[in-house]
Amino acid sequence: MSGTDEHSASRAVLEVDDVTVSFSGRTILDHVSFEIRPGEFTGLIGSNGVGKTTLLRVILGLQKSSTGAVRVMGESRGRSSRSIGYVPQKVLFDPDVPVRARDFVALGLDAHRLGLPRRTAAQRDLVERTLIEVDAASFADARVGTLSGGEQQRVLIGHALISRPQLLLLDEPLANLDPKSVQEIVALLHRIVVEHHVAVLLSAHEMNALLPVMDRIVYLTGGRAASGTTDEVIRSDVLSALYGHHVDVLQLHGRVLVVAEPGAETDDIPSHPTLQLD
Amino acid sequence: MSILFEPGFLSNAPVRGALVLGAIVAVVSAVVGTFTVLRSQSFAGHALTDVATTGGAAATYYGANVLAGFISASVLGAGSIEAIGEHRIRRRDLATGIVLGASTGLSALFLWLDSSSATTGASQHILFGSIFEVASSTIPDAVALGIVVLVVVALLWRPLLLSAVSPEIAAARGIRTRLVGTLFTLALAVSVGLTSIAIGSILSTALLIGPAAAALRVTRTIARAMSLACAFGVAATWLGILFAYDSPYWFSSGNGLPVSFFIVAIVFALYLVTGLPFLRRRLGRRAVRTTRSAPPVVAANTGVR
Amino acid sequence: MFTGFMVNAWEVATIVAVVAGVVGFFVVLRGSAFPAHAIPNGAFAGAAGANLIGVSPLVGLGVFSLLAALGIGSLGRRGRPDVATALALVMLLALGAAFLSRTREFEQQIFALLFGDLFGVATLALLPVGVLAAACLGAIAALYRPLLLASLAPEVALARGIRPHLVEMAFLVVVACATTMTVPVVGALLIFALMIGPPAAARCFTGRPDAAIGVSVALALLVVWSSIACAYQSNWPVGFFVGTFSAALYVIARLYEVLVAAQQRRHASR
């Protein structure tokens, strides 16, 4: 950790460099490249089955890429990285499981350590503060299996956050939540980004909830990706090139709609082409 | 040919009885076993054989009909497991374990109390059984029960199929998954009680799980898996009986190896072979899978909320 | 009841209960009821085999319980875990049947190994039991945190560099170790009742992992001590009491849980 390194502030937290992944003849990821800088909120947008999870697995080091490389904090991707905190899509907890939200968050500190846990007062304090930060204080002593989807989400975020990673990686955190919970989680993540200067990369198939907070978007379709700010990427010309056929981008009431021409391949597009106005 | 078939194989009455009974048991086990494996109820399938043996031990002690003991204990056990009422696999296995623990404790008691026959002989017999020793008078009863089980499975076929592949869709279609599950578990209990007394609890589990699991690995549809499982089961049983009959001739002591050993070994080998990677690639088919996760979300949502 | 050879029985039983309570906490957490049943049963076949070749049954127990653990772990990785467990179990039991068929001398000991024998416990030297117990508890203590996370959320553990598959294998080996030392006391068929009933009941009383382990051990001790006392008085097999008391404990705990939940609902609706 060199204190005089002026570049470290602007050095990329995550560099995905020309990543390609193919399965049985199908190319899932096709020379995908993008960068994430410290404190950036990035949305990985794409419809289901398009390769978002595969890309996340490559970033986590669980999947090999046939070309290129992934670098975390400038270093090649190893088996694990303390710099990344991972929040999976869904964890099934039995309601009976005798582990409280508080215990699960505390595990985030040292789950990889051998031996019995002996937590100092400072550590216990940190657990308490993290619980408050993720708005989990009210159910800190409830069993994780009895929590709602949104509450469990927050516990998982707390678990990932407490070890102070440089990057929080979330796999479809908004997928099964009601609209109110979606707003709460997005607001929470934004708060974390601002207060801890930690980068966030989350995958989603619907970008509208993230528009107010996203610094950067990585738009994935057909194995190809376009990355940049929302204004740079969500444009008719950029997306048409990505899809390989013409698409229109409409902005309506602060929301974005990607519309394909009738008859074109539409199952790839994260937003439904048919407009429904109330 | 005479090397394989030692003298008197087919003219031997107990052997003929064993071949017939074995085939019946193998077929019933394969049919029930296919759904058992799909529904991840292998533990229940095995546990119920032990519970059935408890019934056998109790029946022996009270001098009651042993077959009735096996079947009623097994059904009672299945009922208890269902009554504890868990449908998540982990918790269901826990409930199964509790019932199994209680019934094994009872079995210990009955075997110990039944001091008329040498305790150890009875426990060994009940645990391991022997297909050669089953009286031919049991065959009609076995056939009748076997038919009952097959009829129940046939009646439950479509709801069983659907809930095995996707419980969510089945529930959405109005299928009473809980009821179907309970009925199946009871059918499983009867099947297992029947096979336990016929061939012992070890073989019962092996023939229930092994052929079905092997078949599911190499075929695409459930119906085909079931037929293949029957074929595997019958083949393993007959081959095992043959080897067991021949085996005394292999040892100078004239003491052969038990038939259960051969059948289980063949079934186990079948399972291992169907799991070999090169075989999977050559057959190139995706084996039958159940969806453990929710079905993929249809990518159609309006941008307007 | 507390003098002479029985002292040994109480001491060994206490050690067994502690190990069963701790290991059992994870057995229930991981949903490993079937392996916990299969490993001791497979081990029993090993005891028969050991007897055949004139080796101490304890060695046979150890070797076969290890075989069972490794078989279940490796087969379960490729296929369905419960199928793997079932087939590994029956294969080992079939081997046991084969061993038993070669000799008639073993029959006396079968019952004791299956269901537990008080007299058998009493003559067991404390040292090997103590060593195995220390090994089991030490392994659990060392692996506590990765084991806990891998049991709760394998994906999260994987992302942290913990390998859930290795953890599973290590855990099964610990269960094998626990089995080897406990089978002579409670019997092959019943040891898993100790590893399931008390820990499952313990969950109903507390939501904290450390407290749950403590309660699990306490309940296991309760079951074992009362089983020995009853077996001593009635001359009935220890295993009978272990099995039925464990089940009763579980039922009571679940009823308690249901009652508490009902009371909370009534409280909330006021």
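So that you can tell them apart, the chains are marked A, B and C in the order they are listed, and the count of residues begins at 1 in each.
The rule is short, and it goes like this: a residue touches a chain if its C-beta (ideal position, glycine included) is under 8 Å from a C-beta of that chain, and two chains touch if they have at least 3 such contacts.
Small disclaimer: the values here were computed from a predicted structure and weren't measured.
The leading chain pair by number of C-beta pairs in contact is B-C.
Across the assembly, the mean Cα position most removed from that of subunit B is the one of A. Between the Cα centres of subunit A and subunit C there is a gap of 41 Å. With centres set at the average Cα position, the gap from subunit B to subunit C is 25 Å.
Between subunit A and subunit B the centroid-to-centroid distance comes to 46 Å (mean Cα coordinates, whole Å). Contact with two or more other chains is made by residues 90-91 of subunit B.
Within subunit A, the positions touching two or more other chains are listed as 96.
Within the complex formed with subunit A, the subunit B residues making contact are 88, 90-91, 296-297, 299-305. Interface of subunit C with subunit B (complex): residues 28, 31, 33-34, 36-37, 75, 78-80, 82-83, 85-87, 89-91, 93-95, 97-98, 100-102, 107-108, 110-111, 114-116, 187, 189-190, 192-193, 196-197, 200, 236-237, 239-244, 246-247, 250, 254. Contact residues on subunit B toward subunit C in their complex (touch as defined above): 37, 40-43, 45-47, 50, 84, 89-91, 93-94, 96-109, 111-112, 118-121, 123-124, 128, 202-203, 205-206, 209-210, 213, 217, 255-258, 260-261, 263-265, 267-268, 271, 275. Residue ranges on subunit A touching subunit B, taken from their complex, read 47-49, 94, 96, 175, 179, 205-206, 208, 252-253, 255-258, 267-272, 274-278.
The touching residues of subunit C, counted against subunit A in their complex, run 29, 141-146, 148-149, 152-153, 155-162, 202-204, 206-209, 211-212.
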